[in-house]
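Below, each structure is written out as structure tokens.
After this come two complexes, each holding chain A, first together with chain B and then together with chain C.
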Partner chain A sequence: MSFLEITNIVKDYGAFRAINDVSFSVEEGEFIVMVGPSGCGKSTLLRSLAGLEDITSGSLILGGRDITRDEPADRGVAMVFQNYALYPHMTVAQNMGFGLKMAGQSKADVKVAVERAAKTLRITDHLHKRPKMLSGGQRQRVAIGRAITRSPDVFLFDEPLSNLDASLRAQMRVELGHLHAELGATMIYVTHDQVEAMTMASRIIVLNGGDIEQIGTPLELYNKPANRFVAEFLGSPRINLFDGKIAAINAQTASIKIDGIADHLEISLSSDSGPMASGDKVTVGIRPESINDTAPWKIPAKISVIESLGRETLFYVNADPVKTLDPDAKDPLFAVHKSNQITAQIGDDISLGIPQEGVFLFNEAGETVRYPITQTAP
Partner chain B sequence: MNSPFGTQKQAGGRRTMSSGASNAILLLPALSLCMIFIFVPAMLAISGSLYSYGLTSPTRDFVGLGNYIKLVQDSIFWVSLKNNLIIVFGSIVLQIGIGCVLAAILDRGITFGSTFFRTIIFMPVIVSAVAVAVVWLIILDPNIGMLNKIVQSVGLTPPSLGWLGDPKISIWIVLGVAAWQQTGFMMVLILAGLQGVPQERYEAAALDGARGLRAFWYITLPSIRNILIVAVLITTIGGFKVFDFVFVLTKGGPANATQVLGTYTYLQAFTLGNLGYANAIAVVLLLIAVLIGWLQLKVSRQA
Partner chain C sequence: MMSKFRITKIALYGIMILWSTFVLMPLVWMVLASFKTRREMFTAPYDLPSALTLDSFERAWGVGLGWFIANSALITVSSVGLIILVSGTAAYVLARAKSVWLRMAYIAIVVGFAVPVAAVIVPLYQMVSAAGFVNSYVGLIIVTSAYGIPFTVILFFAFFLDFPKELEEAARLDGCSKQQIFFRIIIPLSGPAVASAAIFQAVFVWNEFLLALLLLNSPGRKTIPVGILQLQGEFTSDWPAIMAGLSLATVPLLLVFIVLQKYFVRSLAGLGK
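Right after this comes the complex of A and B.
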């Protein structure tokens, strides 16, 4: 049995089903990141684990103990909130020791636990201060310290870095990674930021509309997304998708017709390719970093936007008549990533070389029927 | 001067003057009103308290601190002060205590009809104190009042001297009527404070093991501490300056059992014609109000 077993969790708000029969398990010491768009149920699921939401049905087993109906404080979990949720009338030390005080521990024990946690988080100098005297990053450390002090079986993080600025967020990501390694604790982390998910997770759970789309390591999900939703959600800039149709297919190869391009895109198939038939409509996917100059199959395009980031360059290009399938974009542009500095002008012609090795194919149901073959599987 | 510095200085000087003048003009209406209705009457009361004179006296006799010495020796003054203190502490317990409980129920206890209950409970606040007192006068009437009938209907005996005629209970009845009107205001004040406490703070407390009464004690009360202090100060000031309820309900009787400083000042000034002495009582009330007002300002600034 796994350390944390989440079985058939359902959470309804009246007629609205926020979590739809979700099951997964977490091993001790894992860093699980739950990602998904707003309203996908990730925070509801985390709050259900914490006991802050009553679940409609299902069970939660932590360390062999059924905690489904336990009070939040009795579950052996601690939570770090997005807005820190510190007690403004208490000092940092009192904030961190409050849980132990409520549990009836002696003042001496509370002091020892608080000082140990403060040392880990390098906030010893701030123990006597009130939260309002601290910066955002320091407050978040205190919130984490409050969780550490209680020595929980599972740490729950609800978008803890979203209130911090970009550089502090990057720094805290590293610190949380260190903390996880140092404490060896089981952590479940909710975010809508796929960078946080990719950089910190042992495993990622992608949620959508209350359902789990896929669970796996960051690279598994990136390289072998189960469906178009996962492929689109992970990766920045997001994967380029465009419509195609299977013109011809056999066991080894498929020939894809793209409207507006004379030559067919020829791709190889392997044993992990899904069922496809001639005449099927498919969605072709190519990651921005997979597009190169050398691939024989090319789409002519013009540069619309250039983002020079120093060590890398991003181009957004118009490949009319081939349109990318981006529902959010006003102009459906292809994103191209180059890992070096490139001097170019807006309006310059560019050829998008689509290497067949890097192509994803999704069927009409959105399921992946062909994975790229160039990446190293994890 | 043609130097740019000279020009700047001139322009700056003009700005300061015009800003000073406009500040003065803007302050003038408020200052004039304060002068006419607060400072001048206060000065007249202080100076009047040093004389002995009646409403229609052609002359005033200077008695120095004589009125204050008389005040210290006047048992009715002390009874009035004691009654004010009963109303102050009683109002704090009743108005803030019940207001706090009602606010907590409306904030977290009930899921429907909270706006309806909030409106109903707040409604007496918008009615004038005199009207409230008259309504209660009818309810408490020993012959036609509703309260006697209710008490009798449950098999109890109402006080033989009437609710407001019995010196042992009349001050508590006055206190109750004041609480009936003002509790709604305290409830709304405290409710505003409670609604300002973020939900996540309670959730963090729940995870820390503080729910129910422990959450109320450790999280809610400290979170609304500043509002509670302001509520206590407002109630205290209201308790000291109370006049209308007492005047309409009992006029300070029976046998001064509900006499408060406000009604005693009125009694001395307009019934007994001792304006100098009434001024001395009013000055004591003023000093108490200034002290509490200063405390309120200090606390508000800290908040």
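Right after this comes the complex of A and C.
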């Protein structure tokens, strides 16, 4: 049995089902990141684990103990909130020690626990201060410290870095990674930021509309997304998608017709490819970094936007008549990533070489029917 | 040439000065009159007092003003305390309630705020009398509190609606019961709301006349507004003593206001925040 077993969790708000029969298990010491768009149920699920929401049905077993209906404080979990939720009328030390004090621990024990946590987070100098006097990053450290002090079985993080500015966020990401390694604790982390998910997670859970789309390590999800939703959700800039139709298929290869391009895109198939038939409509996907100059099959395009980021360059190109399928974008532009500096002008012609090894295919139901052939570095 | 902004500013100050004078004049007259002799009161009502004599204060004190102040203080402190305790707990429950019945209870309380004291005074007297509370502090405290509670519930309700829920959730995770959340987290952070409620209700209870006149009739139990009425009865022409009594009666409330006004103004400016 796993350390944390989440079985058939359902959460209804009246007629609205926020979590739809979700089950997964977490091993001790794992760093689980739950991602998904707003309203996908990730925060509700986290709050259900914390006991702040009563679940409609299902069960939660932590360390062999059924905690489904336990009070939040009795579950052995600690939570770090997005806006810190520090008590403004208490000092940092009082904030961190409040949980232990309420649990009836002696003053001396509370002090020891608070000081140990403060040392881990390097906030010993601030222990006597009120939260108001601290910066955002320091407050978030205190909030994490408050969780550590209680030495819970599971840490729950609800978008803890989203109130911080970009550079502080990057720094805290690294620190949280260190902290996880140092404490060896089980952590469940909710975010809508896929960079946080990719960088910190042992495993990612992608949620959508109250359902789990996929669970896996960051690279599994990136390289082998179960469906179009996961493929679109992970990766920035987003994966380029466009419509195609299978013109011919056999066990080894498929030939795909793209409207507006004379040559068919020929791709190889393998044992992990899904069922496809001639005449099927498919969605072709290619990651921005997979597009190159050398692939024989090309889409002609014009550069619309150039983002020079120093060590890398992003192009957004118009490949009319081939349109990308991005419901949010005003112009259906392809994103191209080059890992070097490039001198180009807006309006320049460019050929998008689509290597067949990098191509994803999704069927009409959105399921992945062909994964790219990944070359893992040695 | 003066800028438009400056003219507006001067005009606003002018209006403010006029209004302040209008409000403060009677008060200034009251204080000045308390230093006058009985004769001066009528011969030179608008002049400054000829000598700063404290005789009228002595006469006012002589009829038991000290007792009236003590009675008023006891009733005000007890009533305000009771009002804040009851309204605070009630408003917290109502603000966090999801049930339709509790929402309706809140509306009923809001409606109760609109009932004028005089409208229900006769049945109220009968009830208090039947309960044996006539001429007792407890009776008056309960009745004045009942009148103060609806307004204070409304005030706290608005404040608690905006109270950050995460703090309560953090407290639940830290092991607080509902009562502990209320007394350890919410009340310590409700200073502005409590201060506003305290000032509003202290002024109301301190100056309350009708209920005190009706429910407390033994001389030793009277509150200031009722006690001063007695002063008028015994010394019909002693207006300086009445003014002296009223001036003294204003002092405690002024002190309360000065201490709490920072919160009070902040609370009004932020509509209960």
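Quick note on the criterion: the second predicted complex is superposed on the first by the 375 of 378 C-alpha atoms of A that agree within 3 Å, B and C clash if a C-alpha of one lies under 4 Å from a C-alpha of the other, contacts with A are read in each partner's own complex, and residues count from 1 in each chain.
Just so it is clear, a residue touches a chain if its C-beta (ideal position, glycine included) is under 8 Å from a C-beta of that chain, and two chains touch if they have at least 3 such contacts.
Keep in mind that what you see is a predicted model, and the values were worked out from it rather than measured.
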| item | value |
| --- | --- |
| Fit-or-clash call for chain B and chain C when the two complexes are aligned on chain A | clash |
| Partner chain in contact with A:A103 - chain B first, chain C second, else both or neither | both |
| First (chain B), second (chain C), both or neither touched by A:Y87 | both |
| Partner chain(s) touched by A:V195 [first = chain B, second = chain C, both, neither] | neither |
| Partner chain(s) touched by A:V174 [first = chain B, second = chain C, both, neither] | neither |
| Chain B versus chain C as contact partner of A:I346, first or second or both or neither | neither |
| Partner chain in contact with A:V77 - chain B first, chain C second, else both or neither | both |
| Shared contact residues on chain A - chain B and chain C | 50-52, 71-73, 77-79, 81-83, 85-89, 98-99, 102-103, 146, 150 |
| Chain C - residues contacting chain A, complex | 164, 166-167, 169-176, 180, 185, 188-189 |
| Residue ranges of chain B touching chain A (in the complex, touch as defined) | 198, 200-201, 203-211, 214, 218-219, 222-223, 225 |
| Touching residues (chain side chain A, partner chain C) in the complex | 50-52, 71-73, 77-79, 81-83, 85-89, 98-99, 102-103, 146, 150 |
| Chain A - residues contacting chain B, complex | 47, 50-52, 71-73, 77-79, 81-83, 85-90, 98-99, 102-103, 146, 150 |
